[in-house]
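Chain IDs A, B, C and D follow the sequence of writing; residue 1 opens each chain.
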Amino acid sequence: MRSMIPDYLVDVLGDVAADTSGALADYIPELAAADPERLGTAFATVDGVVYGAGDTGTEFTIQSISKPFAYALALADRGFDPVLAKVGVEPSGEAFNEVSLERDTGRPLNPMINAGAITTHSLAGAETLGAEERTERVVDGLSAFAGRRLAVDEAVCASELEHAHRNLAIAHMLRSHDVLTEDPVAVVRGYTRQCSVLVSTRDLAMMAATLANRGVNPLTGEQVVPAPVVRQVLSVMSTCGMYDAAGDWATQVGIPAKSGVAGGLIGALPGQLGMATFSPRLDRHGNSVRGVSLFERFSSDMGLHVM
Amino acid sequence: MRSMIPDYLVDVLGDVAADTSGALADYIPELAAADPERLGTAFATVDGVVYGAGDTGTEFTIQSISKPFAYALALADRGFDPVLAKVGVEPSGEAFNEVSLERDTGRPLNPMINAGAITTHSLAGAETLGAEERTERVVDGLSAFAGRRLAVDEAVCASELEHAHRNLAIAHMLRSHDVLTEDPVAVVRGYTRQCSVLVSTRDLAMMAATLANRGVNPLTGEQVVPAPVVRQVLSVMSTCGMYDAAGDWATQVGIPAKSGVAGGLIGALPGQLGMATFSPRLDRHGNSVRGVSLFERFSSDMGLHVM
Amino acid sequence: MRSMIPDYLVDVLGDVAADTSGALADYIPELAAADPERLGTAFATVDGVVYGAGDTGTEFTIQSISKPFAYALALADRGFDPVLAKVGVEPSGEAFNEVSLERDTGRPLNPMINAGAITTHSLAGAETLGAEERTERVVDGLSAFAGRRLAVDEAVCASELEHAHRNLAIAHMLRSHDVLTEDPVAVVRGYTRQCSVLVSTRDLAMMAATLANRGVNPLTGEQVVPAPVVRQVLSVMSTCGMYDAAGDWATQVGIPAKSGVAGGLIGALPGQLGMATFSPRLDRHGNSVRGVSLFERFSSDMGLHVM
Amino acid sequence: MRSMIPDYLVDVLGDVAADTSGALADYIPELAAADPERLGTAFATVDGVVYGAGDTGTEFTIQSISKPFAYALALADRGFDPVLAKVGVEPSGEAFNEVSLERDTGRPLNPMINAGAITTHSLAGAETLGAEERTERVVDGLSAFAGRRLAVDEAVCASELEHAHRNLAIAHMLRSHDVLTEDPVAVVRGYTRQCSVLVSTRDLAMMAATLANRGVNPLTGEQVVPAPVVRQVLSVMSTCGMYDAAGDWATQVGIPAKSGVAGGLIGALPGQLGMATFSPRLDRHGNSVRGVSLFERFSSDMGLHVM
């Protein structure tokens, strides 16, 4: 059956190519200048075989797809309890950039919204690390998930920093609640750098396959994070990964997933497969329009729904 | 291995029996008068074998555990689109009795909160049914899931109706948004009757097994609802089934589940197993304290987490 | 100067007559069928002189303008503390039909929003009164403020009751918090009757003049409510009387006021004057468009701003 | 009668002196170290006579009492429309440090909450001013209201800046909505400096008297801001000046007022009197406990309620 996968991927890409609905993210010039026609998909199996169709090699910024991986690193580096004390696991029912803090504690509801992801970034690596070392730890960790050294898009990073007022607002609010205990400006700088890591669709498929393979990168064989961490991450992706469309996704696709504002989208099928798509036009929830269609096709064509 | 199950169930019951934390629901005298020491659990496999330990025969009111089954009936009777037009599938991040309606449309966020469950009740059976026939349709449907004729606890039902002000408030609010199109008082009466259906732990295990078995009751062989309906129901249970503790449950237990205020708790493992527990003391989320512990044990001892 | 008032009133009516913006309330047919061109204004001095221009004799339903007067009756009949324990005095910053209850207590924020007004109705008259006697007490009290026997528009009342789902929702919610202790349906019935009392613009001016005259009706000489009650009522009107436009009103007009959905609007200038206008087209806050313009003119032409 | 005022002030100070309830603001060490027993009051008439009792000369930081005066300066310097486009006039019903922005526009609800006050600070002086010149303009303006050159408490200012995370969060949020168009960090720095201006109780009475005297300082004769600006400021103080206790204040005291976290409290009676009190212990709303008692006494003893 596997020999059929490449043809299948080409076919479904063809089916969704005509859909030009949605719009590029435009809050920074660098994202607004992306080629909206780019379209690619890749599957990576837990035993290391990669299938692809379309633009699987073009690099783009990982953006929010970094969130579950940084969460995995924080859980692995600090342990469950210290991380859970700072970031919850409950769906927020709100958009990704809502502040969404617990009323009394100021704890972000989950690590997939920005407030939770900013806090999570501050929890990666040992407590003693400086801000730059911590960011380095995160970029190293993302690279280990991908199985190759990833770079940062300095232009996107610089531009995002100039438009980071909402994230700075969130970080200062977290600091005022003592959820963040470090300099909020330095944390936002590191988090923005995390979001500016460059990946290809193929990289994303391999990162997702590392989750599907219980934390072991199928190519390098490295145990990037322990298996219980992966279960936690996949569980949170399944309830909070698609922002305020989490329930739609759970019913219609049923695969733990995460999207990024540059057009990437990943899904992980435990024990089987990492999947990734790339198409920059976004729907009103901030998810890739053609990416969502592709995953709906994958789910129904191959019966991948976890239920 | 199966021969080991009865001993296992007795063992884990023994382990949790000492935990007397939590409190009985006390908003009506009938629930406050329950025996807090009751403790039982049952497993029903998709091929119809039932294992149990403790109080598996005592009857208690189904309460909110009726919600996923009534949702299944509405989806089966009316089709997906009409139901989705009235009730969403997004987790609310709020307690079960919050109003939690979408800001503009007044649509309840999901069928597991009271607003959504009240609306769902009104969507069971054909549109032409009268209020009493509709309630009869729901009780019949619950009975088909259980594989035997279920009765209503008239005393609990009458007492709940006397304390139904919050549900009446919700129903009138839904009526003012035209989400409910029938008499709100009649709908609340029917919904209260649905919640007052008497079940044993064994019944609940069989109802859950019917979900695990893609809609076919393992004992009677009846296809109670179609398989796509079951997938929808299980997906919604996995994201919204445990109220504002949905994320905790997804990470720590990872089995689609639903709890009731009388102390029942069910879980369904697709293709394998229906599980049920009964213990009346509740935690602050309204979930059975010992029931939650039992499911955590089931999940970790037997590796049942869906991720 | 007084001899100039009638000419002044005719003049300003002429100035605003051309403004046909806004829309009739249309949630019941009886209000939607009102003549939108009706326009009238009346001033009543604290020594009993009444000036008028335009339609000062046409009767329409008092609607929310009844709220401050019913609040006065409740304060007079029960005393300050029991009323303040049930209804707050803080502006809500929200629309009139928002539920707007205090988070923990369920206490309505103020008596000018529906939740507060429904509660206030239940506090008029002695605690021992039945629902119908209580409503009678309110209609009697409104009549005493007007100085003549007022009637109820039975058609409007019946039609409002058919569309009272939101108020019923609010009342059941109040009952569930034990803010209301009586039958919520009976209270809504009485409150709806209170809102359906028929008044002319001239009546409203006299009712406002009774407030301006520290509770003594300038015509009949009756002390309808004590002076401290009037101060409380005027203070609450000044911060909460114009719903979510309360701040705009306080800065631009600066006269304690209250509007009704049938097109009435009153203002009271302590020690001096009761003012009323009538024009049925409403702005998006639910206030009479031409009524608001007239009061802005009154305030600036005559320097009536309390600051 | 005026000769009786000094004795009266001494008397009422004596009456409230025994009340040691409430607590010092403790979010910075400098405020927590204040002498909690300080107690003073001063009245300044519109013709320039000042009466006082107790500690009328001790200096403390003006804090939020600067808000109405900075609002007056912004209105005078920029005109009503540009200021109203950026800051509303509606009561928020929320605590002073809630973000409280309008849902769609991000406009702060009023200039008395921190979000509105930070925005207002950025609107003082000409648009072309740099951040430091703008702050200078505000300190100059506050001095003109007081009728003498006021200084800044550099120690308090530095300490507040170290604990300004919540205000920085608010400012970045305002910047992300383009309500603030300048560097949020610089605006917070300037706003903090504004709050750190040192005043005595006597100064505050004179500043309030300048409002009561339609913008003309009774001592210097300077028209600090135009009369229509003063009316706007007093109207907003009357609906929003006492945070989430605005309604309580309006009913029980009925004088436009503003409190500060260092223990100051002012009230202005248009055409008559500026009043000020100083006592550092605060109630749960952040208002001076003995200050509130004093104003309740002033209002009832002298019949100062505006209604």
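Just so it is clear, a residue touches a chain if its C-beta (ideal position, glycine included) is under 8 Å from a C-beta of that chain, and two chains touch if they have at least 3 such contacts.
A quick note: this is a predicted structure, and the numbers were derived from the prediction, not measured.
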{"item": "Most distant chain from subunit B, judged by the mean position of its C-alpha atoms", "value": "D"}
{"item": "Centre distance in Å when subunit B and subunit D are each reduced to the mean of their C-alpha atoms", "value": "55"}
{"item": "Mean-CA-position distance for subunit D and subunit A (Å)", "value": "47"}
{"item": "Numbers and ranges of subunit B residues touching at least 2 other chains", "value": "none"}
{"item": "Arrangement of touching chains [line / ring / star / complete / other]", "value": "ring"}
{"item": "Contact set on subunit A toward subunit D in their complex", "value": "99, 165-166, 168-173, 175-176, 184"}
{"item": "Subunit D to subunit C touching residues, read off their complex", "value": "88-94, 109-110, 230-232, 234-236, 238-240, 244-248, 250-251, 254, 256, 270, 305-307"}
